[in-house]
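For reference, the structures are reproduced in the following blocks.
The two complexes that follow have subunit A in common; it is paired with subunit B in the first and with subunit C in the second.
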Partner chain A sequence: METGSIEIELELLMQAIYLKYSYDFRNYAGASLKRRVLHAQQEMGCSSISALQAKVVHDPNAFTALLQFLTVPTTEMFRDPAYFLALREQVIPFLKTYPSLKIWVAGCSTGEELYSMAILLHEEGLLERSIIYATDINPKSLELARKGIFALERVRSYGANYRAAGGTGSLTDYYTAAYEGALFNRELCENITFADHSLATDSVFAETHLVCCRNVMIYFNRELQERALGLFYESLCRRGFLGLGSKETIEFSPYANRFEALVRAQRIYRKI
Partner chain B sequence: MQMGAVGYALKPTTRERLKQVFEKLEGKFTQAVKKVLLVEDDALQRESVVHLIDDEDIEITAVESGQEAIDMLCTTIFDCMIMDLKLPDMQGSELLERMSREPICCFPPVIVYTGRNLTRDEEQELLKYSRTIIIKGARSPERLLDEVTLFLHKVESQLSSERQSMLASVRSRDKVLDGRRVLLVDDDVRNIFALTGVLEQKGALVEVARDGLEAIAKLDEIHDIDLVLMDVMMPVMDGLEATRRIRADGRFNKLPIIALTAKAMRDDQEQCLNAGASDYLAKPIDIDRLYSLLRVWMPSLERL
Partner chain C sequence: MNSSQKNRSQPIEAIVIGASAGGVQALLRLLQILPTGFHLPVIAVLHLPKAQESHLAEVFRLHVKMPVSQVQDKQRIAPGQIYFAPPDYHLSVERDRSFSLSCEEPVHYSRPAIDILLSSAADAYGPALAAMLLTGASHDGAEGLAYVKAAGGLTFVQDPAEAESATMPQAAIDRCQPDNVLNLQGLQAALLAMENH
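Right after this comes the complex of A and B.
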């Protein structure tokens, strides 16, 4: 059966990647992973997944290329403005009671969400006393996030999101436009620590007050989702906050009774 | 330090559950009323806090000045203390410092409740004595109530465990670490508390740096550091870069540096070793493994 062999090839590829590069995609959700791998196979000019595997195992550059397909950064600034508005109105007032803050943006990808968070904290007067950990497994994405340069055309379209998210200024205050690119102010990055960290294999590194991990766990299978939630639970301080993506929830997971919903519609939870 | 004993276990979620705990304690101990000392010079604020936390089994003593607070602490054992930083006769930090050296009955868990923002250094200084700092604002009453509740119901087990740990530390004083100076480089308050606790229990003297740059400064300033525990992921300068720079300095080529890494990847561990770390330990830290590693790496005493 044709489909059966694809599943086998997929599993072998993931095992090979894990053994060779310690990147663990073995517990990623099957359907989307398959789609991404098949897309990569085509783009990288391989006749089968097995051929792709052979290439990747022998050539680290090919693996780097494949990684870009496996961790597709699909993100925008102030995505789901209602989520950011809820953070601003319902979470920030609590965060203001702490003399210093740690915030973990897990799976930060190319940084759109991260810069949105930094702008929000800046406007609420909290950025200076915050340390933000921005983690991802894709070094290219991290590098882009660190640079903070986005396509100008796209950034212009984020203005509406920003305003709907309760922005108090203008998004243009935060970047310099040049050559079709928008460079975000370096001050926003001063307290951001960028780091390579995998929710699949690594452990907790700091006690945090807020963890944001949006649209990352949708690519995980149940087992890996639980592992990630476990890390967030362990990292969060007592009564700390967790923000997830619009299609993600902790309900139905073993952590359901360890968090309470603060703004259920926006997937904002609070550790009990 | 007494304050280091403030743990993270036991978290009541609701008033009902808290009530249950209190009822249990009431049966067990004759004195079920919890004593709270409130140090706040502003009459309005004082009233509002009293109003907020008042309950039938809580007895609140409110004073206006630091001196009054010390006088009270000399005659009464309090279960919890809430203090403002701005007092008419002394700064809050001075009050805490005096509490640590004057003959008070017992150093209670302290909640700092302040109207102004703090610098990192001020915060660090206060964290020596108080795990909990609350900046006043729209949601601060809620958080204050939450923290007070936590402290009050923990008191009993905490006192007994404090005694236990005193006994334990007499028995387990490990000669290997006794009097040795360890530089702990970590930006995480929780790790600093936990590791300082276990190291000091073994008689080690712990110096703390919050990032790589501070670590290098500490090594310059303090000449008898025997070993470094270096977190990898830190702001300003990470552990790898700090380790490289320390190794580049000829004075420290034999200094044991143990990297603390949150990553399971072999790559990461290799990176630590390539940067010059003597060894590495994965987080979350297993205390037994930490002790054995320290035993391995602690240089034998030549100074004696």
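Right after this comes the complex of A and C.
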């Protein structure tokens, strides 16, 4: 297909954002990015993507607003319970052999999966000797994750996921309900380091035993996915673990032969 | 009514299909006709309750001759395959003709949404795309079909009189005057004709 004017405008917008704010969306998967930009354009009252570009380049607040549209915050606690069950049954026994643990939750968004991970580690007696790095490119999402307050109605619906994921207590043990919110226990966060980190532009910052990056790379094209996998490979210790989203795979990347599938159905891999 | 297809010089390179209520039976009937070795890719979004959706590929594999699979993120589109969107993900076609998945908000209460598959596939294939909308109680798909038509693709809607649920095909007819409104038998014939082009 020839390049349409919308595609040209999109490419220019991403280039402008990169030059002005150093956020690199240039290698994001095009179809979803186009939908989100068009949605933002409409919501932000701009007549075209070019008009949106002008606004964003001249006004950092407009960029912050646009960023909320460009990142997809869809997440839930213990999403895909079978994945968390597999972590508990097949990865945790290996992790227990280390005196101290470093875990990277990459693209943690508003933190639902992060708190799920902290609860899992707590129940397995590993939380106290773990450091969890929670990273995202969206400062607003990170702030919400740091606060650990989720809508009570939604948290109540996570109980079934928690049980299916092999939870040994009750999810209500971990939060205090107030008004419409569920505030998760601060002890869960004691060893969590929140940081602004981009899989598109930043490099590795620590050696880790487990990297979880679920439904983040679906928004990347193959080139950027490869970069992210390279960071994970570099960060992971020898025989370290990598957990991806349930429809993601490393099979189509050059890293396919540098990991082995530990639990293929749940997309849990191990560095070779 | 099939005139627009006969007069086209543009060969079809991919087929996208959307269906909702009553869609399993309709899609089974439609795809059963396709022979082993049918060389076009067929990409489908079928709305179903979450628990059943995950078994779609398995069910269809038992009843159709072409290979059937559920899409994985970044997979390249291969000829001669039937692809289903995985449950709870939107399915898009990228301009390099690979698949991408996304967890964006549901569209018309649906994830996967037919609108998203159809419009992204139209961006990737333009006039080389054929899109079919079958039975359904939703309004999903009408906008996507209009987008396919605007990009020069070939559009088909199941005759609402035959459809188990007429809402979805009728919404598309009202929205964009599709090239062809046919019963399932007619749609089968159209599919077979696309390959012989």
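Throughout what follows, the second predicted complex is superposed on the first by the 269 of 272 C-alpha atoms of A that agree within 3 Å, B and C clash if a C-alpha of one lies under 4 Å from a C-alpha of the other, contacts with A are read in each partner's own complex, and residues count from 1 in each chain.
Convention: a contact is a pair of C-beta atoms (placed from the backbone, for glycine too) under 8 Å apart; a residue touches a chain by one contact, two chains touch by 3 or more.
Just so we're clear, the structure is a prediction, and the values are computed from it rather than from any experiment.
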Touching partner for A:Val72 - first (subunit B), second (subunit C), both, neither: second
Touched partner set for A:Asn191, first subunit B, second subunit C, both or neither: first
First, second, both or neither for A:Ala256, with subunit B first and subunit C second: neither
Subunit B versus subunit C as contact partner of A:Gly30, first or second or both or neither: second
Contacts of A:Phe94 with subunit B and subunit C, given as first, second, both or neither: first
Partner chain in contact with A:Ile272 - subunit B first, subunit C second, else both or neither: first
Subunit B versus subunit C as contact partner of A:Tyr219, first or second or both or neither: second
Common interface residues of subunit A - those touching subunit B in one complex and subunit C in the other: none
In the complex with subunit A, residue positions of subunit B that touch it: 8, 11, 13, 117-118, 120, 122-123, 126, 133-140, 142-143, 146, 150, 187-191, 231-235, 238, 262-267, 282-284
Footprint of subunit B on subunit A - complex, ascending: 22, 93-94, 96-100, 102, 129, 131, 133, 191, 193, 195-198, 201-207, 234, 237-239, 272
Complex interface listing, subunit A residues touching subunit C: 1, 4, 7, 29-32, 34-36, 72, 74-75, 215, 217-219, 221-222, 225, 245-249, 251-253
For the subunit C and subunit A complex, residues of the former touching the latter: 70-76, 86, 89-90, 92-95, 98, 100-105, 116, 120, 123-126
